[in-house]
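Chain naming follows the written order as A, B, C, D, E and F, and within any one chain the residues start at number 1.
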Amino acid sequence: MALSKDRIGKNAILLLLSDDSSEHLAMLEQLNWKSCTGKVGSMDEHKVVAAIETAAKKNGIINPDVYRESHALYHAIIEALNGITRGQVQLGSVLRTVGLSFAVLRGNPYENEQEGDWIAVSLYGTIGAPVKGFEHETIGLGINHI
Amino acid sequence: MALSKDRIGKNAILLLLSDDSSEHLAMLEQLNWKSCTGKVGSMDEHKVVAAIETAAKKNGIINPDVYRESHALYHAIIEALNGITRGQVQLGSVLRTVGLSFAVLRGNPYENEQEGDWIAVSLYGTIGAPVKGFEHETIGLGINHI
Amino acid sequence: MALSKDRIGKNAILLLLSDDSSEHLAMLEQLNWKSCTGKVGSMDEHKVVAAIETAAKKNGIINPDVYRESHALYHAIIEALNGITRGQVQLGSVLRTVGLSFAVLRGNPYENEQEGDWIAVSLYGTIGAPVKGFEHETIGLGINHI
Amino acid sequence: MALSKDRIGKNAILLLLSDDSSEHLAMLEQLNWKSCTGKVGSMDEHKVVAAIETAAKKNGIINPDVYRESHALYHAIIEALNGITRGQVQLGSVLRTVGLSFAVLRGNPYENEQEGDWIAVSLYGTIGAPVKGFEHETIGLGINHI
Amino acid sequence: MALSKDRIGKNAILLLLSDDSSEHLAMLEQLNWKSCTGKVGSMDEHKVVAAIETAAKKNGIINPDVYRESHALYHAIIEALNGITRGQVQLGSVLRTVGLSFAVLRGNPYENEQEGDWIAVSLYGTIGAPVKGFEHETIGLGINHI
Amino acid sequence: MALSKDRIGKNAILLLLSDDSSEHLAMLEQLNWKSCTGKVGSMDEHKVVAAIETAAKKNGIINPDVYRESHALYHAIIEALNGITRGQVQLGSVLRTVGLSFAVLRGNPYENEQEGDWIAVSLYGTIGAPVKGFEHETIGLGINHI
């Protein structure tokens, strides 16, 4: 299942679902796209947001000194969380918890160079009661221009 | 990227992202899981719901004579649409349209046999303005016990 | 199950759940409270809103010439619809339909006379697929000062 | 106001609104339905969820060792909370509090035996400012297959 | 930019956007309308609600002993917060913070005297990451009969 | 009430609230900011979206051939509609209608040149029943990087 130059969202999800992402990472480098991945488990939504923002800044996906880049990332994260939570963007306050992998990708998936960079945030993992095994899978994807 | 017996959501998504799903379908058959896939493009949310329901019934994923099976499927579809729409479950009424592939999977991803069957609805495609190319990718996943 | 002078919401619901509401109506009259009931079935949310507004005006529950009374009733209806729809206030657009009884009550359920009149809108019936029998019960209650 | 074999939601609500529920409980036993009731007051949504889950497990309404039963109950609770909160499933975070009675019912309200068990969660009480008397009634009902 | 007797919402917003509101306050007094303004910065939604409620009571905009007045104000505040948060009424739980000015106005903006008093809550300021300068403007307006 | 170089949102709103916007437009031109205004009345949300998109393209606020510009504008519009609708982004489907003025502004309100252009969409007008005079004011503001 190869990555595609015109599918930033699909690429972001395959990074999470692959058993071995080294091939994907090599291809992303060739495309000159930036990417990072990480994991976060929490009952606090803000900790999920913070984990992704921190990883994206530390890995140079976004410029931490320019607000427009943080703004683009933030909205992509919240959109991805909508897919994870499916209704209200709440975890512990409605007694549920998540264990998630995340990926952040940056590149231009369009043919037109004027489209510039876009950012994709993908989330995959489990959501459920704070009881081991009482959980099911969940996925989310947010895409924004940057 | 092989399917996993304990990952009904991941399997449902890989069915959509694979260039060739024949290997996946063979494995699902071996697991004795039911599945179907299809495509739908629309500005009407209810047409997306109807397309998935019709495919699931026609392919024997759910028993069309038992309400509890339709009820389980319906909520899984709406949850998947939350990931697609990220905010309000509306398409044409807020001037946007989708082109989606969908998969419906049924099986028991848990070790405990008492968990019975679960259903996963995955959606992947594009969302955007009703103008060719003015769109980006979107994904959604809904999982329910059946 | 008698009505209570201090429970406008409970009274509004009992009007819908009683097999015979004549006793309840007699008691409401004694309290000097205004009330009406009706039925509406639709896939259009706006038809549910319109049916309740029309009944409330025709039966003198609200003064049709004063906007503040319509405003109070409208928000009580929308709040009741939140209980009916549990997520997005949408019916046909997400392929579901309702068959509802409704009641509108007006009176002061508080001891303090300064609290003035309040309005309660109760809804009870079924929600589900547009297929006979593929539906379950649903209830909603909205309360507002008027 | 007698219970009805085909109205699991109505029954769940009447359990809360009755001054004396002994007659209702006798009839439920005769129907071979399981039920429990309780009370919870809180500014934290998760405490409302936890109180209902604990009561349902302790009273044998659901099997605490099977996730599908917890999953069915959880979604019924959240749906009922939508009726209580009418907009965002938030209490203390938007400076309001609830005092609620709850009932959980389990049985098959359909004629077709294949429909199996369904679960209803009903909530009735008050919502308002954290000031005595500055509150009005609120109701919620969630129904799910189990 | 003068205030208008029939524009309670516009007036409430101009109070926030004016460099010098003394002229506006004089005109409001002449109209016999009540008003107050204040500031609040927080990551907790409930602190925003509380700051506005406290100011409105302390300045005699609403009668603190009558629930209907608190109820009217509360819903106007929550509606205004919808404009501020645009999606979920959450701040710190999704890792964002606000710095807001607020105004509360009370008067009858309609020609018909029977319309009685209405209340407007306006909010204007910034929303963003808890990092100085990483924020943009936001506005909200809630209007209710009282 | 003069416009401010660092307040794109405030400027967008003042354009709508001013009796005479010629002074504002002169100042915007001096700042080298782009702007347009217009009016739209409808029960259909998608007509509001379309009216603003059309005006922004026709007046050269956004480049109609680049998707990222349409994408930025679209999300700013939907965010502004959240302030207008305060709950669900629905008009006619919940039996209400709007009469709105709108403004679209484009410029860099930040000191750092790297922040590039931002877009603000402001909406001001009335929302209410489809009955003349049965309406109150409403406002919305959406801001996005472009």
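What we mean here is this: contacts are C-beta pairs under 8 Å (C-beta built on N, C-alpha and C of every residue); 3 or more make two chains touch, one makes a residue touch a chain.
Which protein is which chain? UniProt says A, B, C, D, E, F = Hut operon positive regulatory protein.
Being a predicted model, the structure only gives us computed values, none of them experimental.
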Chains in simultaneous contact with chain A and chain E: D, F
Most widely separated chain from chain D, with each centre as the mean of CA atoms: F
Angle, in degrees to the nearest 5, of the Cα rotation that carries chain E onto chain F: 180
Selected from E-F, A-E or A-F, interface repeating B-D by over half of its contact pairs: A-F
Maximum centroid distance from chain C, chain identifier (CA atoms): A
Euclidean distance of C-alpha centroids - chain B vs chain F, Å: 36
Distance from chain D to chain C - Cα centre to Cα centre, in angstrom: 21
Overlap residues in chain F, where contacts from two or more other chains coincide: 67, 71, 87-88, 90, 93, 110, 118, 133, 136
Chain-chain contacts as defined at top: A-B, A-D, A-E, A-F, B-C, B-D, B-F, C-D, C-E, C-F, D-E, E-F
Chain B residues within the chain D interface of the complex: 63, 65-68, 71-72, 75, 110, 112, 114-116, 118, 144-146
In the complex with chain A, residue positions of chain D that touch it: 44-46, 49-50, 53, 67, 70-71, 74, 78, 81, 88-90, 93
Chain F to chain E touching residues, read off their complex: 1-2, 7-10, 13-14, 17-19, 79, 82-84, 86-87, 109-110, 118, 120, 122, 124, 133, 136-143
Sites on chain B touched by chain F in the complex: 87-88, 90, 92-96, 128-129, 131, 133-136
